[in-house]
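Next come the structures, one after another.
Common to both upcoming complexes is chain A, partnered first by chain B, then by chain C.
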Partner chain A sequence: MAVAETLPAPQASAGRGGLFAFGNSRALGAVMLLAPAVLFFVVVFVIPVGLMIRYSFYQQTSTGDLTSAATLANYVRLGSVDLYRTVVMTTLRVSLWTTFIAMLLAYPLALVMVRGHPLVGRALTVIVLAPLLINVVVRTYAWRVILANGENGVLNWTLAHFGLGPVRLLYTEWAIIIGSVHVFLPMMVLPLSAALGKINPAVEEAAATLGASSFAVFRRVTLPLSVPGLAVGATLVFSLTASSFVTPALLGGNFAKMLGTLVEEQILVVFDWPFGAAIATLLTIIVMVVNLASVWLIERRFPSRAAEAG
Partner chain B sequence: MMDIEVTNVAKRYGTSLAVSDVSFGVEQGHVLSLLGPSGCGKTTVMRMIAGLIAPSAGSIAIKGKPVTQIPVHKRNVGMLFQNYALFPHLDVAHNIAFGLEMRKVPKAEALKKAEAVLAMVRLEAFGARYPHQLSGGQQQRVALARALVIEPSVLLLDEPFGALDKKLRENMQLEMRQLQQRLGITTLMVTHDQDEALTLSDRIAVMRAGVIEQFGTPTEIYERPVSRFVASFIGTSNFFTGRVTAKVNGGYTVECPDGVRLGFNGTPPAEASVTVALRPEGIQVSPDAGGDPAPNRMRTTVEQIVYRGLSTHYYLRRPTGEPLVVVRQNDSGADVFAGLQPGSAVLASWAAERNLIVRDDA
Partner chain C sequence: MHEGGLGKGAILLYSVTGVITFFLLVPLLFPIALSFSDTPFVVFPPKGFTLQWYWKVINEPDFTTPFMFSVQLGVFAAIGALLIGTPTAMGLTRYSFPGRGVVQGLVLSPLVFPMLVTGIALLRLFTSINSNSSLTNLVIGHTLVTVPYVIRTVSASLLLIDPSTEDAARTLGANTWMTFWRVTRPQIVPGLFAGGIFAFVTSFDNYSISMWLADAEHFPMPMAMFALISRMFDPGIAAIASLMILMSIVIVVVLERLTGLQRAMSV
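Up next, the complex of A and B:
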């Protein structure tokens, strides 16, 4: 015993530090591994966002200069003018609906991709990813053609053939939701199918032998185990929809405005950079809150598993 | 009464038959092991009994009730999966209560019952842990508790001890056997470990390539293997092939091409040419005294001696170059074995009843 106590423990640092231990310290190694990404992140994200937030606390004088004293005036204006409040609500509503519909569409897709025949799975992956391969403007104009109001719209023309319609979709929130679901569906399907793929089929079989019907297996086992993937997908779809610009601009027009369109207007049309910055800051905060909330949700549902991974 | 009855069951995948025409029964309170090499169809048979896959032909009955058309969740079987398949998102208590909740037992009552079953597998203090916070042995006990709490008609175990280390495996085997006997629950176990099957079973079905090769008690399987396959898969055997020749006072002889003669008691078989299995532990060795050996004696040379703790394995070589394995328990005191070394010339001999005629299908 005495010998063992006086001997140093040689394997503690050498064994576990492994390949990526620089020098003798694992911490230093980790820092060096992270450095490039951190640097990139600081340059392209932290600094611009910092500048944006700073801008949002100033006002523009008639000569185009910034006022010298910081002020909350932009935020007060955002909160007090009805139009801006409506736009915030529209943004939230469109993003939530898009996320919800994407979830409903993605779940069966992801299930078939993971559990179905491998060839079917691969074909579905291509179909789901396809919208990402097409330029956003082209894709959105295609939706304009399909959704156009009156008998020129492909959808309304088809409906008319069946004696139905017409429906008014273009320049409504639903046009934005349809366009957004189309392009952001892969962001939901991919993390979800990754989560579903990690579920051990024997766990579902065990539930069945214990008396769970197919529906009970889904509700009590498959669904809870896929929550991490669902949360990642929801965060991605919500964030991307809330901050998108082309889709709401082309499909929502002036009738269904979102925060992204409003920012563009303030910066490029009105040239009120500080107010544009305030809107953009609000948008960033909304997206951040949703991100944190979904992380919190996962942590709460799977506390120990998250801790184990860390 | 038969608690599990499998009749002419087959399972076809595409053009290949995973299981062909299997029939057997498990008596109430018995443990039956399906034993066989990898890919012989053991798991497939078990999954058909559980209802996880449908047989292509044949019928299955549990406790006298035909279940072939009944879906898995209504069969009331307790199944232990190879890697336990615990619910990773539920703690131990909720894992165990799951089956009760599916049976509409009120949640509080289910959790209380789960606690009682946890005590039965000696894990009282672990109800609030999550599966990944348990060792392999503990996970297995939770899986067992989860399967038993629903008071299943039968218990199905798929390679239950495969993932445990040797020491823990032996403890768990003992524990499982005690629990099974105490509850008197009819059990079907799948294994490719012959020791496990011999130790734990009331009956063994040896499977090979989708069919049952032999069905019997562990003693029957070990002492009376019907085929060359069974004789070499369960334990080890030396094999001889020869022609049935002289009939000598109440017995007969099988003569091998290299001149070795095997003496038998009783009436000779119908075939002219037979395969004979000889268990290594039935053979004695003594110093080679020379002369022409009688039946069931053979002159050999020691090739290699391997000490295995409980026993020692002697690899002998026949004059023809073929090997002969002899196993001797190490507790049998000092004897002629002590002086043996590689190169020694020895005489191997055995009793006539050690010769087993088997079907040569290897």
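Up next, the complex of A and C:
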């Protein structure tokens, strides 16, 4: 979504009165239609986020009031206390692994969806999309059943049948990574298949005719041309994993904490609003940096596509 | 490589895809398998066969109350999202004006902004202005994050209409509202419908906003399920998960029939 998230340009031609022109004033028509949404978004989105960021620069007194002077103390605490630094590093590590594994799994799926037999492609599309409509808590519960430590876990039961195991996965970073890949894989497959669908098959055929092996065609032609889709997918998966709560809470527990579980604890259990606001602001910065990096990468390498999307 | 085909790697590619599909689907079968187990605890492999857990959970207020609350919340959020999103989609598709990109970026931003943070910001706002009605707060929060879906589906529908039908109605003397109600609205019904369903489903499944704004009397389904996971050890929890999966399958089929799943969810 991130980068592809733009609507097509308006189709009303210049000079023609728009549908909802009030009198002859086109501008008034647009204002009347858009004002409610803009007002709503400013009041319940822009202002609250500003309020929250402001909170992160203050400290809380024992009575719950804010101290008068702005300070960076909350951010210093986040970066200097070992416990919190570990949480930041875990968040980045889990999100990177999830993104990387999702890329590896999404590629064959997207290729078959776009290039495979039409019936297979259609079935696969439904299989990839359908889980998106199943609640995250339910999907994560399924992974708890599978990864459960001890002989009741499906995985350990299966391994025991082959004389292997047991493995201890639940409440580790790898449990979060496995669960996150399962939950967010569709977000990688969708933009990737869109990008693969845009590649002109003639380009690949030309490469093959000129003597490139199948693998060379993939590595030198298909893969580079699919980078915009990969970048959008990677941005989405990374952002969603980094800011998730349910998956780390149910699969990582207290043993593998991420920023999502830490911020919940600080605001809803400890009631330390300023520190919680600082964690939330850091999370926002991480996600925004990844988004901007992805836009920059696509615009630099694919100026034409970027123009098309914008 | 023949046209549109997968070339020499086809067999390998199909097998790898098969394994990944297995990884996507099979985990969802385990809760269903466990929900029929005739044991007092969730065990694998399941033993015996019983439907008692389904009977138990549909008579369990810890399940039914949040379920009904989530349905109510989802309907309110969908109505709110349609009311705000439909005029916005028209403004963005029918007019070209300076700042259009900014407005569009603003109304679609909840899709890219970390939702967990959106929830924290909303809690900050509602605490600051002493807004204690949990239901109102939840409806506002859910409307905010579902509006972009309505804007997308309605915009897609609007772009399929020939604007000259609207011009014709206006030339023949219809006013703005009549043009919308008699000409535009009938043509964008699929978009409105898909947008409404999407808003409902997104609200019904939402956790990241609800976790900050809910209270004990206004407790949506996903949070109830989360709480039950650490409290309920009998296969009833698997039965709840199975019912939720069943509900999602019904929605998938409805969406696929209505608009085609891929078009409805196009990224």
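Operating definition for what follows: the second predicted complex is superposed on the first by the 258 of 310 C-alpha atoms of A that agree within 3 Å, B and C clash if a C-alpha of one lies under 4 Å from a C-alpha of the other, contacts with A are read in each partner's own complex, and residues count from 1 in each chain.
As a convention for this text, a contact is a pair of C-beta atoms (placed from the backbone, for glycine too) under 8 Å apart; a residue touches a chain by one contact, two chains touch by 3 or more.
On a predicted model such as this, the values are computed, not experimentally measured, just so you know.
Peer 1: Which partner, chain B or chain C, touches the larger number of chain A residues?
Peer 2: When the residues of chain A touched by each partner are counted, C comes out ahead.
Peer 1: Return first, second, both or neither, reflecting whether A:I101 touches chain B, chain C, both chains, or no partner chain.
Peer 2: neither
Peer 1: Going by the contact rule set out at the top, does A:R144 touch chain B (first), chain C (second), both, or neither?
Peer 2: It touches chain C, and chain B stays clear.
Peer 1: Could you say whether A:P224 touches chain B, chain C, both of them, or neither, answering first, second, both or neither?
Peer 2: Only chain B; A:P224 stays clear of chain C.
Peer 1: Once the shared chain is lined up, is A:A206 touching chain B (first), chain C (second), both, or neither of them?
Peer 2: A:A206: touches chain B, not chain C.
Peer 1: Look at A:N291 in the shared chain and tell me whether it touches chain B only, chain C only, both, or neither; answer first, second, both or neither.
Peer 2: In the superposition, A:N291 touches chain C alone.
Peer 1: Quick check on the superposed pair: does A:A277 touch chain B, chain C, both, or neither? Answer first, second, both or neither.
Peer 2: Touch partner of A:A277: chain C, not chain B.
Peer 1: Both chain B and chain C touch chain A; at which residues?
Peer 2: On chain A, the overlap between the chain B and chain C contacts is residues 205, 208.
Peer 1: Quick check: in the complex, which residue numbers of chain A touch chain B?
Peer 2: Going through chain A, the ones touching chain B are 200, 202-203, 205-213, 216, 220-221, 224-225, 301-302, 304-305, 308.
Peer 1: Quick check: in the complex, which residue numbers of chain B touch chain A?
Peer 2: Touching chain A: residues 50-52, 71-79, 81-83, 85-89, 98-99, 102-103, 130, 132-133, 143, 146-147, 150 of chain B.
Peer 1: Can you list the residues on chain C that touch chain A in the complex?
Peer 2: 1, 3-10, 13-14, 16-17, 20-21, 23-25, 27-28, 30-31, 34, 42-45, 84-85, 87-88, 90-97, 100-101, 103-104, 106-118, 120-125, 128, 140-141, 143-144, 147, 151-152, 155, 159, 163, 166-167, 170, 176, 179-180, 184, 201, 204-205, 207-208, 211-212, 221-222, 225-226, 229, 237-238, 241, 244-245, 248-249, 251-252, 255-256, 261-262, 265-267
Peer 1: For the complex, which residues does chain A have touching chain C?
Peer 2: 1-2, 4-12, 14, 16-22, 26-27, 29-30, 32-34, 36-38, 40-41, 44-49, 51-52, 55, 105, 108-109, 111-112, 115-116, 120, 124-139, 141-146, 152-154, 157, 182, 185, 187, 190-191, 194, 201, 204-205, 208, 214, 217, 232, 239, 242-246, 249-250, 260, 263-264, 267-268, 273, 276-277, 280-281, 283-284, 287, 291, 310
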